[in-house]
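Across the two complexes that follow, chain A remains constant while its partner is chain B and subsequently chain C.
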Partner chain A sequence: MTGKRILSTLAHRLAILAYVAFALFPLYWLLKVSVTPNNLLYSEGIRMWPSQTSFEHFEFVLRHSEFPTFFKNSLIVSGSTAVIVTVLASLAGYAMSRFNFRGKYWIVTLMLLTQMFPLVMLVAPIFKMLSPLGLTNSLTGLVIVYTAFNVPFATFLMQSFFDGIPKDLEEAAMIDGATQFVAFRQIILPLTLPGIAATLGFVFTAAWSELLFSLMLISGNDAATFPVGLLSFVSKFSVDFGQMMAAGVMALIPACLFFLLIQRYLVQGLTAGAVKG
Partner chain B sequence: MDSRAARSSGSSRDQRPLRQRLADASAPYLYSAPALILIVTVMLVPLVLGISYAFRDIQLLNPFSGGFIGIDHFKTLSQDENFYRALRNTLWWTGWSVLLQFAFGLILALLLDKPFHGRAIVQALVFLPWAVPSFLAGLNWSWLFNPVVGPLPHWFFAIGLMSEPANILSDPQLSMWGPIIANVWWGIPFFAITLLAALQAIPRDLYEAASIDGAGPVQRFISITLPFLAPTIAITVLLRTVWISNFADLIIVMTNGGPADRSQIVASYIFTQAFKRLDFGYASAIALVLLVLLITYSMLIVVLRQWLVSKD
Partner chain C sequence: MASIDIAHVQKSYGIHPVLHGVDLEIKDGEFVVLVGPSGCGKSTLLRMIAGLEAVTEGEIRIAGKRVNDLAPKDRDIAMVFQSYALYPHMSVEKNMSYSLRLRKTAKDKIASVVAGAASKLGLDPLMERRPKALSGGQRQRVAMGRAIVRQPKAFLFDEPLSNLDARLREQMRAEIKKLHQDLGATSIYVTHDQIEAMTLADRIVAMHGGIIQQVGSPLELYDNPANLFVAGFIGSPGMNFFDGRYMVSGENGNFVLTGGVVLPLGSNANLADGSRATLGIRPEHVVLGAEGPNALKATVDLVEPTGFGIIVHLKLGPVAFKAFTLDRRFLGMHGDVAVRLPVPNLHFFNEEGRKV
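Our next item is the complex of A and B:
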C-alpha cells in the first residue's frame, strides 16, 4: 500500500514537472536567444544555455531601434483603454447588479452577442468609418475601438464584483439622505477596489495583445503599437533573431506584471466573459 | 427585491413627485448609457455596414468602386477553391485545438486539485502562457520551429520524425500543425483554470463517502467528478469552439495562411482579403458566410440543449 502510494505521488510530481517544462520552455528559449551574442547564435544553436551571455541585443533595441516608441505607444493605448473601460464598466455593471429594469434583458443579450460574433468581420467597416474622421493611424482611434471591444466583458466582471457587496450598505446611506449615485461613489466603489484593479489588469492585458485591428488601422511607425512594430521588424530584418527576441522579452514584461496582479481573479474573469485570450 | 422598491415601499410610493419617479426609472439607463452608446457605434453600426459591403464592390485602392453588385461576391466565393480549403482548415484547426486544449487542460486541473507543497507557485507558472500576448506566442513558436534558432526541428530529426531538420511551417502538408501546437500551449491554462474552479466546488465528503463504500479512484472519477464537471465542460467547450474558430492571430503571425494558402482558416482568409488585397467587399462577403455558419452552430447548441432538457 505505501509503495503504491509513493509511486502514485511520484507520477503526480513528474506529470506536474512535465507541464511546468512545457509551459515555460518557449519563454525560456526566448530569453536564452535574447542574451546569446551574435557570434555564438549559430554555432551554439541548440545548446540549452550559451557559453557566454551578453545584453548587446537589449542595448541595440533600446538605443538604436524604434521599439521604445512602440513600447510607449502600446503603453498609452493599453493604459487609456484600461482606465476608460473600467470607468464605463463600473457604471454599467452597477446598473446590472443593482437595478431591475425593462431593458436589462436586451442589454445583457446585446453584450453577450458581442462576445460571440467574429470581430474580424469589423476590420473593413471600422477602417472605412474611422478613415474620414482622421482616426486611422492614430492612437485615439485604437483606444476607441479597443474600449468598445472590452466594455462588454468588463461590465460582466464588474457586475460580479458588485453582486458580492451587500445592498444594505447603500440602503443605509440613502436612508441617511445620500442619493444613490453618491452612495455608489463613496461607499460601493471603494469596497470594489480589488475588483477595479482586476478589471484594469484584464483590459490592459487584452489591449496589449490585440493584433488584427492595430495591423489594419496603423501603417506608419509613429503610431505603431508593439505588435505592429515587432511584426514589421520581423518581415524587414528576419535574420536578426537576437534583437527580435530581445524585443519579444520587452513585450512580455508588462504582460507578466499584470498577470501577477490579476492572478487571484482569473476564475472570475474567465467566467465573466470567457475573456479573449 | 431591488433597492428602489425597497425604498419606496417605506414611504407611500405613488405620492413621490413625477420628476423623482422619472429620475428613478431612468437611473439604470443613465448608468449604462456610455457603455451602450460605444458598443452600438463601434460594434453594431460596423456590423450592419459590413453586411451591406458584402453586396457592394468596395476596394480601397480603386476610387471608382463602391457600386451595388448584388450577389456577385457570393458567386465568386462559390468557385473559390481557397475558400473551401479555408472552411475545411477551420474545422481541422478548431477541432484539434479544442480537443487537445481540453484534454490537457482537464489533466492539469486534476493534477492541481490535489494539495501538494508549492502548489501556488506551480499554478502561477503553468498558467503563465495565458498571459503571453497572442502575437508573441505566435512569434515565439515560429522561432522554435525555425531550424536556424529553434531546437524543435533538430529534436524531431534526432528522434527520427524528420529526415532533415526542416521548418514545418513552410511544409504545405504540416504547416497547419504549427499554429495548432502554439494554440494548445496557449489555451491549456484557460481550460485548466475553469475546470479547476469547478473541481474545487465539488463537496469533498462525497469522495470520502464513496471510498468508504469501496469505490476505486477510476470509479470515483466517473461517478462523482464527471457528472459534477459536465455542465462546466459543456459550456466552456461550446463557447471555446466559437472563439477558436474566429481566432486568427496565431495563423496570421506564424504562417500568414501560407504556404500557398494551405494553412488559411476562414477568419484569417477574411483578414488577408481585407488587409493584404484591400478588397473590403469580398472580405465582407466571406465574413457574412462565417457569421451565418456560426449562428447555425449556436442554434444547433440551443436546440440540442432543449432536447436534452426535455428528455430528462
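Our next item is the complex of A and C:
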C-alpha cells in the first residue's frame, strides 16, 4: 500500500467516525445525564462523564413516577398499530400488486395525497371527529389515528415486496390446486416475511415516537404514551433532567430490541423490494 | 387423461386482439407442440387452457366438459413453467407433494407417489434440498416431478427448456419424450424452438400473429409447408426463398428470378402465366458443384463448418441463399461455383404466400 492510499483510507475512516460520533452523541448525552446524581448535575460543569454515577433516577422513575403506565400504553398502542397496519397493508399491497380493478388509479392517487400534507393541519379535524365518538383520551383512538396515517405508506412498501415475487409462483400453486387466497397465504406470504418485518418495524417506531397526536388527543396520565409522559417531568418551575433522561433511556429499549430482532430481514427486505420492483 | 377441444377461441387484451379464432382438437394421449415466434399467442393459448387467462370468446373443453369458467384448480391439469416456479421456501419433497397435500391425500399415498416420481426422475438424493441449492437441470426435473405426481388430465409445458444450456436442453428433451412414452398423458408443449417442436411432437401447431398457420406431423410441416411462414420457420438452417415471376413458354414453365436468371422447370406449376411468386428450397437440397445445362453460377460468400456438415452461404446475383452439404471438399471453397436447384425439391408460394 502506498502512502497516499493509507492517507486516503485514514481520511475516509475519520470522516465516518466523525459522522457516527455526531449521530450518536445525543444518545450518549442521554445516557450520561441519566446516570449523573442530582447533586452533581449542575455543580460539575460540563464533563464527559460524571465523577460519580448512580441509578437513582432509574429507581425513582420506576418506583415513583407513572412511567410504567406510559410505557405500557406506548407498547399497546405501537404494537397494535404495527400489527393492524401490517395486516391491512399486506392485503392491500397484494391487491395493488396483483389485481386490476376499477378505481385502482384513484385509490393510489388518494393514498399518495394523504402523504402530502403536514399532519399539524389535521389535528383539529381529527379531534373534532374523534371527540363525539368518545375516542379522545383513549388508546383505541390513538391506534385508529396512527393506523390511518401509516396504512398508505405501508401499503406502497408491501406492494413493492409483492411486485418482487414472480407471478408464476402463485399461478403454479393455483394449478396445483390452491385458491388465490390459499396461494397467497401458503406461498406468497412466507416469501414476503422480510417485507412484513420491515413494515412492522417501520410502523412500530413511527407510532412509538409519535408525539403530536398523542399530545393533542390524550389528556391526563392514564392513557398517555411515553413521549407525552416525558413531558410530565417538565414542571412549572423546573425540569427533572435526570429522571427524564432515565425514562428516555428505558424508552429506547423496546425499539432497540425490536430492530435487533428484525434487522436481518430489514436489510434484505428494503433492498430486495427496491431492486426487483 | 383426456382430450382437449379448442373451438373458435379468441383472446383480446382491451381492444388488442392476440388470438383470432383458434380451432384445435387434441386427442387423448397426444403430444402437441405449439410453435411460433414470440408474440404469436402460443403462450396465451396455453394459459387459457390452464385457466390463467380468461377466454374472450369461444370454448375450451377438457374431456368433453366446458372449462371456460372453471378455476385452474378445478381443471385437473398440471403445468411446467419456463421459470420452473418452484416454491423457494419448500424442500424438493414438499414442492412435489404440495398438490397432493392440498387435496388432502393420505400421507402414505403421498409418500409412495412422490418417491415413485423421484426415482423416475433421479431426484432421490435431493429430496430435502431447497430449490436454491439445485442446478438448473435439477430444478427442471423437480418441476416435472411436481407435475407428474398427481396424474392430471393433461400436462402443459410453457417453454420449459429455454433456461437450460444447449447440452442439458438436449438431454431433458429426450427425457420429456421418454416420460410421455411412459405415461401416455395428453401433453401440450409451447416452444419457439423448432428443433424441440420437431423432435417432441406427434403433431405440431405452427402459429403466427394469433392465427394457426398449419397443423400436422413434424415431417408434414417440414416436407410440405402450407405457407411461407411455416416454410421459413421450420428447419435450420431455414429454407431459401427467391422472389420472381412464373412464365409459361409452350409446354414448359420457367421461373424468372428477380435478378433475371431463368430457371427452367420442365413442367407446369400451378401458377398463372406472369404471376409473381416465391420459390423455396431447403439448403440441403441445393446441389453444389453440379455442372450441366441447368446449372446456375453462384458466388461463395462464407463457409460455416458445423462439424456434422458445412453451411455454405452463397449469392446468386444480389440474392443470398444457403446450401448445406456433408461433403468436406467444399470446406475451402471460394469464388464461383455451379449450383443446381433440383425441380422436385422446389416449393412454390403464390403472391399471398400460400403454397401451390
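Keep in mind that, in the parts below, the second predicted complex is superposed on the first by the 251 of 277 C-alpha atoms of A that agree within 3 Å, B and C clash if a C-alpha of one lies under 4 Å from a C-alpha of the other, contacts with A are read in each partner's own complex, and residues count from 1 in each chain.
The rule we apply is simple: contacts are C-beta pairs under 8 Å (C-beta built on N, C-alpha and C of every residue); 3 or more make two chains touch, one makes a residue touch a chain.
Quick caveat: nothing in here was measured; it's all calculated off a predicted structure.
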| item | value |
| --- | --- |
| Which superposed partner A:M111 touches (first chain B, second chain C, both, neither) | first |
| First (chain B), second (chain C), both or neither touched by A:S209 | first |
| Partner chain(s) touched by A:M96 [first = chain B, second = chain C, both, neither] | first |
| Which of chain B and chain C A:P68 touches, first, second, both or neither | neither |
| Chain B versus chain C, judged by how many residues of chain A each one touches | B |
| Contacts of A:G134 with chain B and chain C, given as first, second, both or neither | neither |
| Chain B versus chain C as contact partner of A:A172, first or second or both or neither | second |
| First (chain B), second (chain C), both or neither touched by A:V182 | second |
| Contacts of A:L191 with chain B and chain C, given as first, second, both or neither | second |
| Which superposed partner A:V123 touches (first chain B, second chain C, both, neither) | first |
| Touching both chain C and chain B, counted on chain A across the two superposed complexes | 171, 174 |
| Complex contacts: residues of chain B adjacent to chain A | 2-4, 6-7, 25, 27-29, 31-32, 34-36, 38-39, 41-47, 49-50, 53, 58, 60, 107-108, 111-112, 114, 116, 122, 124-137, 139-141, 143-144, 148-151, 154, 185, 188-190, 193-194, 196-197, 236, 239-240, 242-243, 246, 248-249, 252-253, 267, 270-271, 274-275, 280, 283-284, 287-288, 290-291, 294, 298 |
| Partner chain B, residues of chain A touching it in the complex | 12-13, 15-16, 19-20, 22-24, 26-27, 29-30, 33, 41-42, 45-46, 88-89, 91-92, 94-96, 98-101, 103-104, 107, 110-111, 114, 116-129, 144-145, 147-149, 151-152, 155, 167, 170-171, 174, 180, 205, 208-209, 211-212, 215-216, 227, 230-231, 234, 241, 244-245, 248, 251-252, 255-256, 258-260, 263, 266-267, 270-271, 274, 276-277 |
| Of all residues in chain C, those that touch chain A in their complex | 50-52, 71-73, 77-79, 81-83, 85-89, 98-99, 102-103, 146 |
| Chain C contact footprint on chain A (complex, rising order) | 166, 168-169, 171-179, 182, 187, 190-191 |
